[in-house]
Each structure stands twice: as C-alpha cells, then as structure tokens.
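One chain, chain A, appears in both complexes that follow, with chain B as partner in the first and chain C in the second.
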Partner chain A sequence: MTYQLETAAHPETLRRVAIDPVSRVEGHGKVTILLDDQNKVHQVRLHIVEFRGFEKFIQGRPYWEVPVMVQRLCGICPVSHHLAASKALDVIVGAKKLTATAEKMRRLMHYGQMLQSHALHFFHLCSPDLLFGFDSDVTKRNIVGVAMAHPETAKRGVLLRRFGQEVIRVTAGKRVHGTGAIPGGVNKALTVAERDELLKDIYHIVQWSRDAVQLIQKVHTQDPGLYNSFGIFRSNFMSIVGHNGDLDFYHGTLRARDDNGKIIFDHVDYQQYNQYIEEEVRPWSYMKFPYFKSIGKEHGWYKVGPLARVQNCCQISTPFAEHERKEFVDYAGGSPMHAPLAYHWTRMIEMLHAAEVIKELLHDDDLLGSDLMVQGERQSEGVGVIEAPRGTLFHHYRVDENDLITMANLIVSTTNNNQAMNEAIRHVARRYLHGHEVTEGLLNHIEVAIRAFDPCLSCATHALGKMPLEVELVDPEGRIVHSLSRS
Partner chain B sequence: MSAPVVIFAVGNPSRGDDALGPECYGQLEKWLKNEMLADQFELIEDFQLQIEHALDLQGRQLALFIDAGANTPGPFTFARIAPATGAAYTTHELPPEAVLQVYLQTEGQEPPPAFVLCIRGEQFELGEPLSAAASRHLEAGFSLLVSLCRQPSVAAWEQAAN
Partner chain C sequence: MNAPKKKLKVATTSLAGCFGCHMSFLDIDERLFTLLEHIEFDRSPLTDIKTCSPDCDIGLIEGGLCNAENVHVLREFRKNCKILIAMGACAINGGLPAQRNHLPLTTILEEVYHTSPGLKNGMIPNDPELPLPLNQVHPIHEVVKIDYFMPGCPPSADAIWKVLTDLLAGKEPELGHGLMHYD
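This part shows the complex of A and B:
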C-alpha cells in the first residue's frame, strides 16, 4: 500500500514535477510529484484540472431534456450518460418494465458504445505503448505510428470503431447528441434496411474482436514480469451483474468483492446505492473519492471497469467471450488479478462480448417492433445505473411538481476509480522514479498506469492548439530547473 | 455516391467558444439549403475528430475541417494542410493532419486536398455561451466559408488560404 504518498510531511521543501495534461486519456488531468534533492518520491497526486459542474448545470431544467443534455459531458461515451439518465427517468415516469423493443434497442445502442469505446481506447490510445514500449521514441508512440508499423492492426481499429459508431447512429439517430432513449422507452425501432446493413459486417467485427483478445493476451503473457506487477495494488471491486451473476453492461444489481474475491455485498438494488457508497471530498482535488460505507474510507475504496466486471461476474453469456474469460481466470490462478495492465486484456474480452451480443440482437425481430413506450405512476426521485466502458456510472435525480430537476448527483466511472488510479501511479512512481533522474520515458510510465483505467477526465474541449504536454521541474524557490515539452 | 466536398465541424456546443464549429455547422447547413447547394457538400458534426473520420474522406474532391482555436490568430486562419505524423500528442482527439495521415496509411493513397478553417475562441468553460469576440470571429469566418462554398475548387481555396 502506497497510501502514505498522498501527502508529504513538508511539501514546501520539495521540488515539484507536473505532467499537465496527461496525454492520450479522455480530457484534462494533471499529475504532480514531489521529489527531494535525491529524487526520492514523497508525494504523488492525480488532479482533475477541469471542474465539470454538470450537476448544477442541469438543475432547473425539465426532466425530459436531461438524457440529451448529459451527453455534453463527453465526446467519447455520450451514450452511457444518455442511457444512465434515461434509466433514472424511467423511474420518474413510473416505467417499471420497458417493452422488449425498447430495452433491446437500448441494449444495442449500449453494446455499440462499448464496442467503439473499447476499440478506440485499445487501438488508438494504448496500443502505441503496448506495441512499441513505454519509453520508445515519443514521435512514434501514437496511433499514426501504429498505422505505419502495423497497418492491418490500425485499420481494424478504425473499422471496429466505425462499426460501433454506426450502431449508435442507427439506434440513437446521430453518432453524438442522439435522442434514441426517452423516459419510459425509445423513440424509434430499427428498420430492416438498418439491420441488414449492420449484419453485413458483424461477422468480421466478431472475428477481429477475437483477434484483438489474442493480441493482448500474447502481449501480456510474453512479459509477465512487467504486466503482472506494473502499478499493482490490491483493492475491492464493484460492478453491476445480471440476475444470474452474468456479465451485463446495461442492467442488473450491484455486487462488490474484496481483494481476495470474497463477496462484500450482492444483488443490491441500485436505487439504494447511497446506503452502500459514500463520496469523500479532499481539498486538493475537484473529483470525489467514493468508498464502501461498511468498510470505511481508508480501506473501502474499489476498482470499477473491465478488470472488476470480468472478475465480478460468474459467467459471460456469449461463447467466445466466456471462453476468453475462463482463459483469463485460469491465468490468474484462481485469485483476483489486481495488475492495472490486465485492464487491457479484460477490456478486449468485453469488446468481444459486445460484438457477440450485437450479433445476437441483430437476429432478434423484437428490434423491429412498434411498441416503444410505457408509463406508470409518476415518482419524484430516480436512480439510473449502467456499466459504462470505464465502469459503473450512477445518475440520480429529483424532480419537482413542475417537472423541473431539483437535485442531480452523478458518480461517473472515473470518479469510482479515483483512489485506484492514485494508488497505481504512486506505485509506479516509487518503482520507476524513486531515486532516478526524471526523463520523458519514465514519466510516460505514470501515464501508462493512468491510461490502463481508461479515465474520462471531463471531456470534449479540444480547441486546436490547446493541449500541449509540458513537464516542469521546479525547485523549492519556484525556479524552473528543467522542462520537457510535447507541444 | 459521396458529395464531392466533405466539411467537418467539431466542438462541444456546451463549452463556450468550443461551440464555434457546431455554430458554423448550423449556419452553413441552412445557407446550403437556401442556395440549393446541399447535395454538393456533406456536413459532419462531431465533438472531436477521431480515427474513423479518415473513412469519411473516401471519394471526396475536397475536405474542410472547421474548429475553434485557443491562442490562435484572430479572427480566423485558413490554410491547406498535409498528412502529418508528428501532431498526435494531444489527449483524446486527432488533429486534422493526423486524420489525413490515418487515411494515407489505411487506404494506401493520398487523401483529398484538405484545408482547415480555425476560428479563434476566447473561453471554453462549461455552460458558457459564445463570447462576444468569438461571435465576431465567427461572422468573419462564415463570410469566407460562403465564398469557399461558392467556388469549391482546390485552386480557389488555395488562393484564399493565408
């Protein structure tokens, strides 16, 4: 445990290294590291630079606007926010059970989202580190470098991502700002032409997803010394699971396990999430630190996302992904795998599962139905939870008698992983930076650990020329003694 | 059959002047309809440029990327761009040059001639409207955009490029 590296005893006497912003993650994050004159690490923190303020932004708005508005949170996973908000508002409009067409359309949209996001993360953001090495030539360590060295891999990444975006477009109406889900259902079904268009490619998509699992499994198992230990720390896990304990990204109940795999709580109705989870505020970060109330803030924090989901579920319903899950569990030797780099392996298992589910759904005629909406007794409060690509995502709203939002609480996936990411970079800082001269390659190790979690650090501001990466070493008097720049 | 010109307008409408791209998209969409030119142009709006946008370049004669700029010259810059490998250090999106490069690598051929219209923004905070300065920059940029759409040729656009 490197928890003690959160706050140094005498920070004013130490020099500061900043990675600002962290690159190849979604949004803006900053890492600060405090070192003494011998380059010994005393403090490491991941800061969220940008304050989202979305919970205030939507107060006073009519509730039916919310599923569309919340998509503005993120340009990578707008569908996750769209669906989590819609699920919360299903409760508000009294829609206890959606029609088969509505639920399957939402599932298709969501599994398309999972496919495109995981493909983007693996091929675009992380494959440069995995294929070239963490401290390889920085001018090649990007997707364009991958395209030059491994054109077929890069092309598959592009086509997988495009397919997922197409699934979103036909289910939500647009690739971003879609309006497919509405409180109580959906506003469109699939047409035969749309279904047939997607069916033309789905068999390639499944096969390429299987190949991607093989690729990351090979990369991981060829260097177990690195992949099984890099940034490792033990923690609890949390995710939703289906009613049989299946992996389910769209709906289910909350399950948590401890670091040995023992169940902490199971089949918890997420409408009561705030009886189980508390959010701690710390003065140095805009992002909160959630933990399980029953364990307490010091040891009650947890991981979410692919590594948690694949190990939290009892089985996966689709055959190829279930085969790969078993391979992963066997490799881990029966105990939970805690290595952050194993996120990549499990993420590709999930991408394969998403592709298989999409294939199954495209053969289901319920998607072509016309019964789209249900309503019931109006409620004043609702919680929606979904497994977003990065992990469990909570949307919680209260609505007044004028249909206006009076309270919103969002716990986004990256917030659930906040303490876990901090622990990972502290481990890496101690292992790779402690006592060494800081170089760009060593600093990239910190970023590799963060990227494994696929964080989304408040998204979608991206103006040209706005995102250089600068690292500055500052002495105790505030003078810059060394700097690196990627602008 | 693809429209001969593809125009990408990128930005998040909820983040202050990051909305310059989407604002441009909305105005241009109406203008093209009024001028009966809509079938000559495909407009694509997105939060960010991503790898799959390379596939939207297939079969085009010209491509234009419209985006907000931070700390870029005002009111706008307009320039031809080429595929580039060294520009992909940004966080979660590709710069236009890298989209061209992905096209080059995945398609094995040169991308269509491409240009960037970068309209200067001033503030990018969540929930903020367009700033007054950005609105003026948009007006100036849109005038150029209209003239470009009236003459969609490489020669005319190169002449307009600064």
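This part shows the complex of A and C:
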C-alpha cells in the first residue's frame, strides 16, 4: 500500500486540485490532488513549501545563543525547541545531571507548553470539525462558530490555553519566545507569589481537562464507524519513554514498536539516534522523510505524537490520566489503534496528564530552590531530544574550541510524521474523493486527516495557483528590488 | 437602542514567520470574545477562508518575504485590505530568517539537502509546486505600502489588543510606554 497515489503515471494529462493553504493547522502547507476526467484520483501529496535553512545559518554562532535562536523556528511550540537545544548543550558543557530545581523548572515550562498547545489544537483548530461535522458550513467552521454554538466549550479552551501560557510566562519570562533554560540549567527559579498565583486555578484546570477527555471520548465512541476507520493506515510508531516505561514528555530513552505493538528497539540512548534513523529527500517537498534504518525506507516509517506516545508507554504516572489511558487501551481491544482521529482522544489524555503534573510540581518546594546550574567536562558534540506536543524532536550540534557551532541537524516532530500524514490523506482521497465531484466539504475531509496529526508546518507559505518561473520583487514605487527565475 | 454596528473584517496571514505573532494575538485570552463582538475574521489560518474578500478592513501580516508565494500573498492582502499592519520583527526587518542573507542560497540548500548527516539520498527539492525561494529574506515594506508597524518578537498580546481597539474606536493606533518593545 505504501507509496500508492504518491506519483501518477502521467501527471501532465491530469487535472490539478489544490488545497492551498491548508487552514486550521499550526503553520502552512498545501495539498495537491491530480484527477482524471472521471474524477479518479491518481496522485495526492502534502507539500511542505517551507525552507529556512536554520541548520546552516546558525553555524558560526556561539553555542549559548542557540536555545534562544532556534525557538524562532516555531512560535507555537517554542519551548520544545528551546529545551531540546538546551538539552543538547547540557551535553556540550558536561552537565551530566541538572540540579533538582533546574530540571523541575524545565519540566514545569514544558508541561505548561504541552497543556497550551494541546488546548489550542483541540479547541481553537479542530473542534469545529468534530462538533459541526466535516462538511459543515465553511463560514461557521472555526473558533468563532464554536463560541456561538458552544460558548462554554470555547471559553474553557481559551482558559486552558491561557493557563498553559501563564506557566510558560513565569518559567520563561515571556509567553512566546521566552528564555529560561541555559546550557547546564536555568536562569531563574519560581517565586512563592508566582507559584501561588498558578495554584489558584489548578483545580479547575485539572477538572476541565478531565471533561475534555470525556468530550472527545463521547464524540469518538458515538460514531465508531467513522472515527475508527477515517484515514486509517498501519505503521510503526516511536516516542521517548521515561523511567519504567512511563509516559514522559521531557526525558527518557527511545522506544519503537511495529504496527502490531511488538518492540522494534527499546532503551535506546538518544545520543545514538542517527544509528537508528535515516532520512530521505523527495523532490516535491522541502520536508524530509525519516524512517528506521533497520527496516528501510519502504516499511520503516512511523508515527510520532500523542497516539504513538500513549500506546508506546507502559503506564502514566498520574491517576486520572492513567485511568483514561486504560479506558483507551480497553477500547482499542489490546492491539494498537491506528486510526488518525484517535490522535484527538490521546491528545486530551496527555493534556490531562500535563495538568496533573503541573499540579504536582507546583506543590514541590524544589521549584523554589536557588541552585540553578551545573557544569562539567566540556564536550564537542551533543544531542537533545524532547517529546514536543506533536512528537519526538531531535536537535544535534557540534561546537568547536572557540565555542562556535560547526554543525546542526534538526529532525522536527512533524518531519517524523511526514510519510504518515501523506498516507492518511491518500486513504481519505481514495475513500471520499475517488469518482466523485470534488466539493469544498469533501476537500475539508483531507484537511481533517491532516489536522489529526496536529502538524506544525510553521514558516512555510501560502501559494496562489501555480508558481511562476520568474519572480520580480518590485517596491511600492515600481522599482525592481530583486528578480530571479527557475533554471 | 442603537442598531448593531457593522463588524470590521480582519484578515491575517503568516509569511516567512513562525506563527508566534498569531500565538501572541490569541494571548489576548478571554478578550477574544469581546473582540468577536466587533470584528469578523476573513482569510486567516484560524478560518477556512482561503483568499481575502475584496472588502477587508484590516490585514495583519506576520513574517517576511522568503519566497515567491509570500510576495503573491502580500500583494493579495494589500489589494484587499484598507489598512495593512506589519506585525512583529520578521515582517518589519526579516527577523531571524534574515540571518541567512549573508549566505548564498545554494550553499544553504547544499548543506541541508546534500551534506546534512543521516541522509540516504542527497537532492535539492525542485518541483513546480514548490515556490521559488528568494535569494534573501526581505521585509514587507520593500514591496507594498504598510500603514502601521508593530515591533516585537512577537509584539505582546496587550500591544496587539491596543492597536486593534484603537482602530475599532476610529483612533490613530498608538503603542505607549511598556507596549513598544523589540524583544
């Protein structure tokens, strides 16, 4: 099944339909579909049109700038990049074990981000599809429509996100693009006043997160025919797991399972990630396609993110989320659930877990400590990995004797899901578009499948039709600033 | 009782940016619901409207110009929005993506798609569906007229709120002390 519909035999004879830009996702992307005269689908591709070249332009910069620079890769989960880079630089400065205060401050920051990002994705971006239907009125299919029809749900979404952003603000100084983590530790601890301010709301945050799990569980189980099959494909999956195989978003070892749930590799130290993962470039996307080296590119690709994490771990350490995890596993009947829409269910279980962990951390006096940083024997190379909201995120750096970056390699979460998202939209195209007249509502089905993965396609751009082969940049007075053409 | 005022149409987009400015916009939190009494969203990543209506009142642009598509979208916004606002560092001066400006584009593409570690096959993506990258990242005022600039990476939620509510009140928007910042 893999690669079916990826490349049409005679693209030049086919009609092109584009979803451009893909909307209500975190970032930008575009989908192209090639159809014949009978509306038979011959090719479906999710293109990532972004190209920024961070790997190159951070070379030559001093390593301590990196955690602040690279978070500008993404304004939606800047904390993930900030912390993944900081973890790589912990290795470089020889900080083998952070102080309790530093590790817990970073965890608090990260779990705050998990909470805000999952709330944003579920309530602000996806809930219109789930509450109104995939081909509902396009003018109402947004957070404004939800606010009109389900004001309490919309309000809770906004308040859950606000709380997560406030956790980030008190740990990082700013809601978007804060600082906080530095190589070897953190630059501030929490004050009692900051902690008490957050504690005032935490009871409601946990309760509302529990309600959110109930809401998505109800939506999912009320229409199992749709939710268990929409966009479905089988694949391997991967995440980091913590001590004892717990769900852990901040630290752990790499674990991968096959489509039946059998372990492919386990307890892998992520410093060695490149012995396990390889990437392929395809001409039609700026986003690479990673896969497990041992299996090869055809069958070795995988899913990451909530659906992978919740099924990859052995247990969740907090009671409410563990209860919900068991419910989910029971529903799946003992074998892995592969349905993309189950991402939403597991995402809300993770949001609940994040709320519970934040509550635990806020009651931990280590957060108020003053021992913030450690250093050890300087190294020249380090890898940092974290579970970002959308999945496993790799940052890999080399630093020279002058403290300047000489090499950077990043595999971001959505890149790990690249092949999986392409498979999902091809399944949906086969099921819903094949032989039908293509309508706006049907096209939104494709986007519903993409949204399930919560892709972060940030810093790509929106296209209007076919791109020209020549472009001229003209200023408001008509002077040419810049011109170029495709060779 | 006064007849309800016509809501202002607001379109938003992110060009070569990171979406952080949109996140900061959403950081107005519950004030979003107050705002929705006075505005409606047109083309925006938050809606499924994919092209600007011809009568948008306000366009908010995040991000600079790094490829040909960005230029198209920017011109679409200028054509359809009465007031165009550059939101954040990237729109104003290229921001962090402009750090690539001192390097030849081919060198960067080579590094990422040919010599990067862990690559099975090296190849520079080149497909008509992929927009032409510009040799350098440009600020948006180099290409179209911009009415207002909101600095910051990102501008704070309070700054975005102040500009929008000033415009809604028919006033010249002004970022006072504490709201004007560049970090």
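Worth pointing out:
The rule is short, and it goes like this: the second predicted complex is superposed on the first by the 457 of 487 C-alpha atoms of A that agree within 3 Å, B and C clash if a C-alpha of one lies under 4 Å from a C-alpha of the other, contacts with A are read in each partner's own complex, and residues count from 1 in each chain.
To be clear about the criterion, a contact is a pair of C-beta atoms (placed from the backbone, for glycine too) under 8 Å apart; a residue touches a chain by one contact, two chains touch by 3 or more.
From a predicted model like this one, the values you see are computed outputs, not experimental measurements.
Using the contact criterion defined above for the overlaid structures, shared-chain residue A:N409 touches chain C, although it does not reach chain B. Once the two complexes are laid over each other on the shared chain, residue contacts for A:R72 go to chain B and to chain C alike.
Contact with both chain B and chain C is seen for A:V158 once the two complexes are overlaid on the shared chain. When the two complexes are overlaid on their common chain A, residue A:N274 makes contact with chain C while staying clear of chain B. Contact with chain C, but none with chain B, is seen for A:W284 once the two complexes are overlaid on the shared chain. Of the two partner chains, neither chain B nor chain C is touched by A:K326.
The larger set of touched chain A residues comes from C, when the choice is between chain B and chain C. When the two structures are aligned on the shared chain, A:H124 is found in touch with chain B and with chain C. In the superposition on chain A, A:K97 makes contact with neither chain B nor chain C. Counting contacts as defined above, chain A residues 21, 23-28, 52-53, 57, 69, 72, 74-76, 78, 120, 124-125, 138-139, 142-144, 147, 154-155, 158-159, 161-162, 165, 175-176, 459, 461-464, 466-469, 486 meet chain B in one complex and chain C in the other.
Listed in rising order, the residues of chain A touching chain B in the complex are 21-28, 52-54, 57, 69, 72, 74-76, 78, 120, 123-125, 138-140, 142-145, 147-148, 151, 154-155, 157-159, 161-162, 165, 175-176, 459-469, 486-487. On the side of chain C, the complex with chain A involves touching residues 13-24, 26-27, 29-30, 32-33, 36, 40-41, 44-51, 63, 65-73, 76, 95-97, 99-100, 103, 107-109, 111-113, 116-136, 138, 141-145, 153-154, 157, 183. Across the complex, chain A meets chain C through its residues 20-21, 23-28, 30, 32, 45, 47, 49, 51-53, 55-58, 69, 72-76, 78, 120, 124-125, 138-139, 141-144, 147, 154-155, 158-159, 161-162, 165, 174-177, 274, 277-286, 288, 297, 396, 407, 409, 444, 447, 458-459, 461-464, 466-469, 471, 473-476, 481-482, 484-486.
Those residues of chain B whose C-beta lies close enough to touch chain A in the complex are 10-15, 17-18, 45-48, 50-52, 54-55, 67-72, 85-86, 88-95, 98, 101-102, 105-106, 116, 118, 121, 124, 126-127.
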